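Two complexes come next, and they have one chain in common, chain A, joined by chain B in the first and chain C in the second.
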Partner chain A sequence: MIDQDHDLISRCLRKEVAAEYQLYRRFAAKMYGICLRYGGDEMEAEDILQLGFVRLFQCLHQFKFEGSFDGWVHRIFVTTAINYYRKNLKFIREVDLTEAVDAEAIQEDVLSAITTRELLEIIQNLPIGYRTVFNMYVIENYRHQEIANLLGISVGTSKSQLHLAKSSIKRILESRNK
Partner chain B sequence: MSEKIDFKAFEDGGADQFLRGTMSGHRVEPKPGIWKDISRKLLWKEFLRFDFTNLSPKIWITATIGLLAIVSGLYVGFHVDSPDKTASHPVGKSAQVSFTAASPHVKPTAGALLNPSQDRNKKMTASHQADSPEAGGLHETKESDVSNKPIVQAANFQRVHGAEFAKEDLQGIHSFNEKSVSTIQVPQPVSLAEINSLVPIETALLPVFPGSDTIITFSNPTGVVKVRKTKPEAAQFFSINLGLVPELAVYSEPAALTKANYWVNAGITYHISRFSVASGIGLGYVFDEGKYHVEYISNDSVGYYNNVTSYSIGNNNEITYNTQTVNVYDSLYHLDNPYMKNRYSYLQVPLLLGYQLFVSNKVSLTFQAGPAISVLLGSHTPEPDMVYSNGRVVSMENQTPSRVQTNWQIWTNLYFEMRLNKKLSLYLDPSFKYYLNPVATGENVKFKAPWAIGLGVGLQFNFGQKTTSP
Partner chain C sequence: MEKKDLIEDKFRSSFSDFEKEPPSRVWKNVQRNLHQTGPWSRVLAFLHLSARPLGFYLAWGGVAAGVILTVFLIGTRKHGVVRGHAYAGEARLHNGIADLFCVSDNTLPWDSVAYSRSAMIDNYGHFQFSNIGSGNYLLRITPDKTTGESDKYLPSWYEHDEKSDSCKLIVIDGKDVNVEIQLIEKTKH
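Up next, the complex of A and B:
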C-alpha cells in the first residue's frame, strides 16, 4: 500500500492528470462525507471538497511519507473545512453552560429510529459554530484547547458550543422520536 | 446512504464514541461533475504560477492560432490602413515632401524630377506612390524598397554638383506634385535659374538627428542632386502604450531577498519635440513572503525500556530475565516557521518627464524620470497547510508584516522605441524604481525601502500627430 501510495503521489507530483484523477477517485467519497458534515448544505460541501482537493494537490510535495497518507489527506480536508468557516466562527459567542440543557446523555432509544443520513442532516442543520465544534470534538477527537486555538475562540466558547450542539441534537432526536 | 445506525457501537461506548464511529467512516459519492471543476481550478492555479506543464494540446493550438491571428490582424490592419508609406517622423504633412530611403542615400527619388514626357529609358527610381492611380501615368518604375524617411522641404533645394537640370525636369517636379497623392507641396514650379543658383552642399551626408539637417541624394541622368532639409518643426502628438513588465524587487532589511513582480502597464504620452510627459496606470502582482509561527503536537518516540516478560532461575541460582523492548511515545510540542508566498495587487500611477536622447527614422531612445505612486488594492495571503505527519496543530500565528497602503517611488527608465510603421512601434523599457519608504511595517522590526529593476516590453500607438507651426 505504501509503495502504491508512493507511486501514485510521485505521478501526481509529475502532474499526470490520470494519476490526479486516480487519487481523486480514491478519496472523493470519504472526503465528501467529511465535507457534508462540516458544510451547511451540499453546495457548501462541494465547495469545501473542491478546495480540499486543490489544496491536497498543491501541498502534495509536503507529504514526507512518514505517516499514514490517508490520515494526512483526512487532516487536509478537516483543515480546509475549518478554514472555510473560520471568518464566521470568530463571531460565535460564549454561552453560560449553567443555562444549557444537559445534553450529555443521548440515549439509545432516541437514536433507534434514525439512519446515518438523517443524523448527517441533523448535523448539517446545526448553526455553524455548533456544527464545527461538534465535528471537531466528537468526530475528529480534538481537545477544547486545540479547537480554541484553531478557530480563534476561547476554550469556554468551544465548550459551550459543543454543549449547545449536543442539546440541539438531543432535542431534534427526541422530537423525531415522539 | 440510508443504512441504519450500528447500535452495537453505541453500546460499546458513550454517545460521542458512538457518533464518531457512525459518522467518521461515512462515505458519499460526490456528483460526477466535481472532478471537472477541480481539474479546471488546478489548471488555473498552475497558469497563475506560470506553470504550463498541464496545458492540453488543444489549449496550446488554440493559443497559437489566436496569437497568429492577432499578429496578422495587426500587421494587415496597419499596412492596409496606411497607403502612404512615407513619413515616419510625426511631422505635419502640409509643408513637407516625404521621401523614403533605406539609407540617407535615397536612391533616386526622383519621381519628383521625372517628367512624364521623358524617355522611359531614363532609369530613375520613383519613391512615391508610383502605383497610385493618380500617379500612374507619371512613372515607369515602382519603388517599394524605399523605407527610410528623411523629410525635405522643397523650398530648400540646393544643388550639389552635376549637370544643370533641364527645364522639363523642373516641370516634372511640378507635375509630380500636383498629381501625387503624397504629401508633396511645392510652392510653385521652381525655375531653372533658381535651382542652378543654389549653393552646393559641401558636407557629405549628415547623420539623421532631430534638429539637424537631412541630406537626400537624388540621381538622374543629368547628375546627382542633394537636397537639404532644414531643421524639422517641433512635433506634438500623443501616443499610448500597453506592455508587460517583469520586475525584480530587492529587499535588504529585515532580510536580503529578491522577489519577482509582474505589471501590466497602460500609458499615455504627450510628445513635444524632444520632450514628453507620460502617465498611465499599471496593475501588478507583487510577491512577498508570509511568515507564520506554528505550534504543533506530535506523538514522538522518546526512548525505550526493556520490559521483563519472564525470568528463570538457573542451577547456580542465576536469574535469567527475558525482556522485551518497549518504545515509549509522548506528545511533544514542536515549533515551525513556515513561509508562504503572499501576493499583493497594486495600482501604480507614474508621472514621467522625458527627453529624447536619440532618434532616427527607425528607432528612438528617451530618458524618462519622475515620481510614481502605488496603492495596495488587495492581497492574497494563504495560510500554511497545517498538516504535519503524526502531528496536530495547536496554534498558528501570522507574523507577516503589514503592507503599507500607499507608497511613493522615484522612477527612471530608458524608453527604446522601434517603429514598425507610422502608427505602431515596439518598445523596450528597462526601468529602475526606488521606493521612498518601506513597503511594510511591523513591530520591533526595521524595514528598509526596497528598489526594483524591470524590463518592460510592449506596443506603442501614435496618433493625433500635428506640428506646432501651420
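Up next, the complex of A and C:
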C-alpha cells in the first residue's frame, strides 16, 4: 500500500492528470462525508471539499511518508473545514453550564429509530461552534486540549461547546420523537 | 468505569464509515484551479472553486456597488458654510456660543428641531460653521456669562427672536450664508 501511495503521489507531483483523478476518486466520497458534517449545508460542504482537494494537491510534496497517508489527507480536510469557518469560530465563548440539559439522559429507543441522513441534518443545523467541537471530539476523536489548540479557544470553551451541542441534539431528538 | 454516552455512540457509529459521492462538478473545478494559467483563468478558477453560482457573486457585486455609490452620493452632497456676527446693542458680542439646530419640516411651530452643532463666538462676535449639509437650520446665540453681556442680553434666535418656534430659518443649499444676529436686550423684554 505504501509503495502504491508512493507511486501515486509521485505521479501527482509530476502533474499527471490521470493520477490526480485516481487520487481524487480514492478520497472524494469519504472526504465529502466529512465536509457534509462540518458544513452548514451541501453548498458549503462542496466549497470545503473543493478547497480541501486544491490544498491537498498543492501540499502533496510535504507528505514525508512517515505516517498514514489516509490520516494525513483526513487532517487536511478537517483543517480546511476549520479554516473555512475560522472567522466565525473566534466568537465562540465559554458558557456557564449550570442550566444546561443533561445530555446523557436520553432514551435509547429515541436514538435507534433515527437515520444517518437525519443525524446529518441535525449536525448541519447546529451553531458553528457546537458543530465543529462536536465533530472533532465525538467523530474525529480529538481531545479537548487538541481542539482548543486548533481552534484557538480555551479547554473550558471546548467542553462547554460540546455539552451544549449534545444538549441541543437531545432536545431536537426528543422533539422529533413526540 | 466510564459512563456510556448514547448520543456520542450513535453519532460515532453512524458516521465512522459515512461516505457520499460528491457532484461531478467538484472534480472539474478542482482541475480548473490546479491547472490554470494566466490572470483571467485564475479569476475564473476562483469563481469555479465555489459551489455557489456566478449569480451569487454578481448579486454581492451589485450590493457592494450600491453601497459605494451611496457613500459617493452622500460624500458629494451639497455643503455650505454658515458664518456671521453677533451684536450686543451697537457693539459686537464679546465671546459666547452659537448653536445650530436642524429643522426637517417647513411648518411653524417647528416640530422637528434637532441639535446639530455648536461654535465658539470670538472676541469680535464672529462665528462660523463649516461643511453644513443642505437643509433648514435655526441659529441661537448665547452670550458668555463671564463678560457681563449675559446680564444685559437674552440668548436670542436668528432673527431677533427669543423663541425658536417663531424665529427665521436659515436655508443651506450648497452655498455659503452670512447671518448677522442682534441679541435681545433684557430691559426691552
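Here is the rule we go by: the second predicted complex is superposed on the first by the 175 of 178 C-alpha atoms of A that agree within 3 Å, B and C clash if a C-alpha of one lies under 4 Å from a C-alpha of the other, contacts with A are read in each partner's own complex, and residues count from 1 in each chain.
In the analysis below, contacts are C-beta pairs under 8 Å (C-beta built on N, C-alpha and C of every residue); 3 or more make two chains touch, one makes a residue touch a chain.
Only a predicted model underlies this, so the values are computations on that prediction, with no experimental measurement involved.
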Clash or fit, chain B versus chain C on superposed chain A: clash
Touching partner for A:I9 - first (chain B), second (chain C), both, neither: neither
Comparison of chain B and chain C by chain A residues contacted: B
A:R55 touches, of chain B and chain C: first, second, both or neither? first
Contacts of A:Y24 with chain B and chain C, given as first, second, both or neither: both
First, second, both or neither for A:K64, with chain B first and chain C second: first
First, second, both or neither for A:M43, with chain B first and chain C second: second
Footprint overlap on chain A, where chain B in one structure and chain C in the other make contact: 15, 17, 20-21, 24, 28-30, 32-33, 36-37, 46, 49-50, 53-54, 57-58, 104, 106, 108, 111, 114, 116, 119-120, 123, 138-139, 166
In the complex, chain C residues that touch chain A: 3, 5-8, 10-12, 14-16, 18-23, 26-27, 29-31, 33-35, 49-52
Of all residues in chain A, those that touch chain C in their complex: 15, 17, 20-21, 24, 28-30, 32-33, 36-37, 42-44, 46-47, 49-51, 53-54, 57-58, 103-104, 106, 108, 111, 114, 116, 119-120, 123, 134, 138-139, 166, 169-170
Chain A contact footprint on chain B (complex, rising order): 1-5, 7, 10-11, 15-16, 18-20, 22-31, 34-35, 37-39, 41-42, 45-46, 53-54, 383, 385-387, 389-390, 392-396
Residue ranges of chain A touching chain B (in the complex, touch as defined): 15, 17, 20-21, 24, 28-30, 32-33, 36-37, 46, 49-50, 53-55, 57-59, 62-64, 66-67, 72, 75-76, 79, 83, 104-106, 108, 111-112, 114-117, 119-120, 123, 137-142, 145-146, 149-150, 166
